[in-house]
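The data blocks that follow each hold one structure.
The two complexes that follow have chain A in common; it is paired with chain B in the first and with chain C in the second.
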Partner chain A sequence: MYSELETLKLAVVDDELGIRLGVSSILADMTMDIPDVGCRIRLQVSSWADGESFVGSLDSNVPQIVLLDSKLPGIGGMEILEGTLSKRPDVVTIMITAYATLESAVRATKLGAYDFLAKPFTPEELRVTVRKAIHHHVLAAQARRLMEEKRTVRFQFISVLAHELKSPINAVDGYLDLIRNRMLGDELASYDGMIERSSLRIAGMRKLINDLLDLTRIESGQRIRNPEPLVLEDLARAALEGQENAAREQGIRIDLTAEPGLSIHADRMEMEMIFNNLVSNAVKYNRPGGTVQVTLSRREDQVEVQVTDTGWGMSAEETARLFSDFVRIKNEHTRDIPGSGLGLSLVKKLSSLYGGSVEVESEPGVGSCFRVRLPFQLSSAGIGGAVLKETDHG
Partner chain B sequence: MSDTTVLLVDDDTDFLVQGRLQLEQLGCRVIQAGSRREAVAILETTRPDAAVIDLMMEDPDAGFTLAYQIKSRYPEVPVIMTTAVTQATGLSFEKVHGQEWIRADVILSKPVRAAQLKAELERLLGHVL
Partner chain C sequence: MANILCIDDDMDVIEFLTLTLKAAGHTVETAPDGKAGFAKALTFLPDLIVLDVMMANTTEGVGTAFDIRGNEKIRHTPILMLTSINQEFGNAFKLQSDSSSLPVDDFVEKPIASKTLLEKVSRLLAKPKA
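Moving on to the complex of A and B:
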């Protein structure tokens, strides 16, 4: 478990030789296991007799932990804490004070010291304090790393979002420019196609913004959820009706097979999002004259919503990234199909929010089958509060 | 009508429509592709006089890969890369340029105007369209 042995640098700054030698020998062969992170720490101790030489050493060698005497002959410990070390929030400082007065402790803490140690201290007091500091350092470093990762993910999300938002604006802008320059002559009717495309791009952008707002609300937990008993077949029928026109235009038949009496305790809007996204995808990415089969069934303590289409299908590589934000499978069949790239990402987030799951099976040239599984009927005690909240952060 | 053939690559149909109109207005013959993969297939049999390609297609950097593929096969064919994302993402092309394999001749921000496209093509081809 503790496969990683990490060496942390600890500096002791004190004008008393006894303290420097004592600290060095007590801490020299100390190791510490940090179970939360799964690493083992050992210390490399350096010692400094005055503040000036310690501050000078920081240019080339920064320790993670400093044991700093508050009263030094030249520049004092408090001054170092207030000056040089205040610019290094990653260094954990333990102040060594001659008298453990409340004022000096308060002052040191205000200046950013993590802890303090009153002279004279026993080896055990030293070890306990240093152990606390090591623990603090490791957890803080891990928190910084996670924050950095989060920032990177967020940056990638914003980059793609910027692209997805700018594309429709640029497309409409491009058409306006062509129309302005009478690229197709003076007859207004010649531009009908461009105007129609512009409207479609604007509609697509509106959909993207709405999906994005839904996604943000769900992720932040800001959406007020009103769980109620919902009949699954009703939800499916409503989604089917919503897609009737689009299906008719393409000559696509939609069939619904539902086991009777299936219901779920959930927020209506969120369930509608799941059904609408699955059914509209099955219609959008189908072939002209194809079929969509919606099947509702019970699987032990879960309900399964299965939506099968006879579309162009996807490769394994494509299905693997399908549920991520902004992923749209682009090829000659799907190029002109509008979509925000957030629909399935929403379906996945909502399903897991309810303790369910979503999976896809697809065969290129044959079609795709999406399966969402949700808990059959939660007891009313598990609704709304604890259960949903817990999975929310999971 | 000039005998200049331009390969136009974009995964967005609207940019293909607009780019084709703009290029045809300049008298160019346009071969279009909707993805990097399609473009590579076309390059197997056709040597265009210039290429106008989008950056973000199947992958966020599909355009860079395609530019590399065009240049390794036809080093003298000028490549104009178009993108909507430069400023918004702070994507630094200088830095990416540092890696030797990216060889677009010029990067234009979308929307690309007809006059801009004409000027860049004439400059890179070394003749008036």
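Moving on to the complex of A and C:
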């Protein structure tokens, strides 16, 4: 169960030989299980008779835990705490104080000590204090790791976002440069194409910003959600209508098959986002004259929204990349299709928010099938009325 | 005038490059990604390659540059790399100041001004072949 055996270094700094030997032998074969992180800790003890040699050793070897005598012959424990150790907030220090006075304990804590042990102490007192320190160290280390990961994720997100925002600006800048230099002569009409493309890129950028705001609002819980009973078929039909024009332009047929009586208790706008994204993708990435099949069905205590298309499909490597922010599959078919690469990421976030899931199956050259599952709610005569019980999705 | 291959995944940047270079009398071929660009370079045998650093993933253009340098047929083709990477990655990549780490001959920062592009292109084409 405790897969990882981790060795922590503990240094005891005390001029009393008895303390050094005692601490070493008591802690030598102590192990400790930390259930919160599933690891087992073992200690490796080193001992130092004076502050100077301990401080010197820190250049090459930093312990995670220090038992530090406050009164040492040369440089004192308090000084070390205040000086060298203050620059190492990850080291957990336990002060050993000769006089169990409250003041020295308070002072040590103010200077950053985690705990203190009053001399003389029993082996059990030592073990309890060290155990506490180990626990503190492990949790603090984990918190630091998570913070670090969060920073990395944030940096990557901002980097990609910056790139996504700069691309349209660069494109428009390029066209302005050509227009400014009359690259196609003095006839204004010659530049219509560039102006049209510039507008499209700016529109795409605006959509990206709006999508990003939607996404952030949902992720941060800032959006006020109004869960209400919704008939699934109505949601599907509205999404199909929204894509009607785009589908007609490409000669694409959209069919809807719905099991009767399917409903869901959810925020309308969020459900619309799921349906719109799936159906718009199925149309956008379809081939001319293709079809889109939307099927609504019940799977035990869930409803399933399945959107199948006869488009260009994706390879296994490509589908593995889907559902993350800004992911777009670039190939000859998708190159000229505008999009922010946020749609599926949003679908995934929303589905999990409702305790559901999303999955994809796709075959290059044949088509794709996206399936979203959401918790089912029985639709009765009382849809929209008071019959349905409000359930808390918070 | 020269044969120039432009590799970029942004169709509007491709449009800009094509118009600018054609107006200066060059013959232009294009490719939308590193793989297609490399393949095209082998048949088109251009005098110069304009290569975007940041295509589908952050290293695609860099990889393509190395592919070009590793191929006997086209290894000496000058490469002009398009970047907008500096601001995004801070100190992680210092491309401009350190072209020795990348097998390319010069850089143009996006947004590209047609004047700068043409100047750099002429300079590279005028360079004696290595």
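Before moving on, here are some points about what is shown:
The rule we apply is simple: the second predicted complex is superposed on the first by the 376 of 394 C-alpha atoms of A that agree within 3 Å, B and C clash if a C-alpha of one lies under 4 Å from a C-alpha of the other, contacts with A are read in each partner's own complex, and residues count from 1 in each chain.
Here is the rule we use: a contact is a pair of C-beta atoms (placed from the backbone, for glycine too) under 8 Å apart; a residue touches a chain by one contact, two chains touch by 3 or more.
Keep in mind it's a predicted model, so treat the numbers as computed, not measured.
On the superposed chain A, the positions of chain B and chain C overlap enough to count as a clash. In the superposition on chain A, A:His265 makes contact with neither chain B nor chain C.
Looking at the shared chain after the overlay, A:Asn170 reaches both chain B and chain C. Once the two complexes are laid over each other on the shared chain, residue contacts for A:Lys284 go to neither chain B nor chain C. Touch criterion met: A:Asn181 reaches chain B and chain C at once. Contacts of A:Lys348 after superposition: neither chain B nor chain C is touched. Residues common to the contacts of chain A with chain B and with chain C across the two structures: 159, 162-163, 166-167, 170-171, 173-175, 177-178, 181, 183-184, 194, 197, 201, 330, 332, 335-336.
Those residues of chain A that touch chain B in the shared complex are 155, 158-160, 162-163, 166-167, 170-171, 173-175, 177-178, 181, 183-184, 194, 197, 201, 330-332, 335-336. Of all residues in chain C, only 9-13, 15-16, 19-20, 23, 32-33, 54-56, 84, 87-89, 110-115 touch chain A in the complex they form. Chain contact summary for the complex, chain A toward chain C: residues 159, 162-163, 166-167, 169-175, 177-178, 181, 183-184, 194, 197, 201, 330, 332, 335-336.
Partner chain A is touched in their complex by these residues of chain B: 11-15, 17-18, 21-22, 25, 34-35, 38, 56-58, 60, 84-85, 88-89, 91, 110-114.
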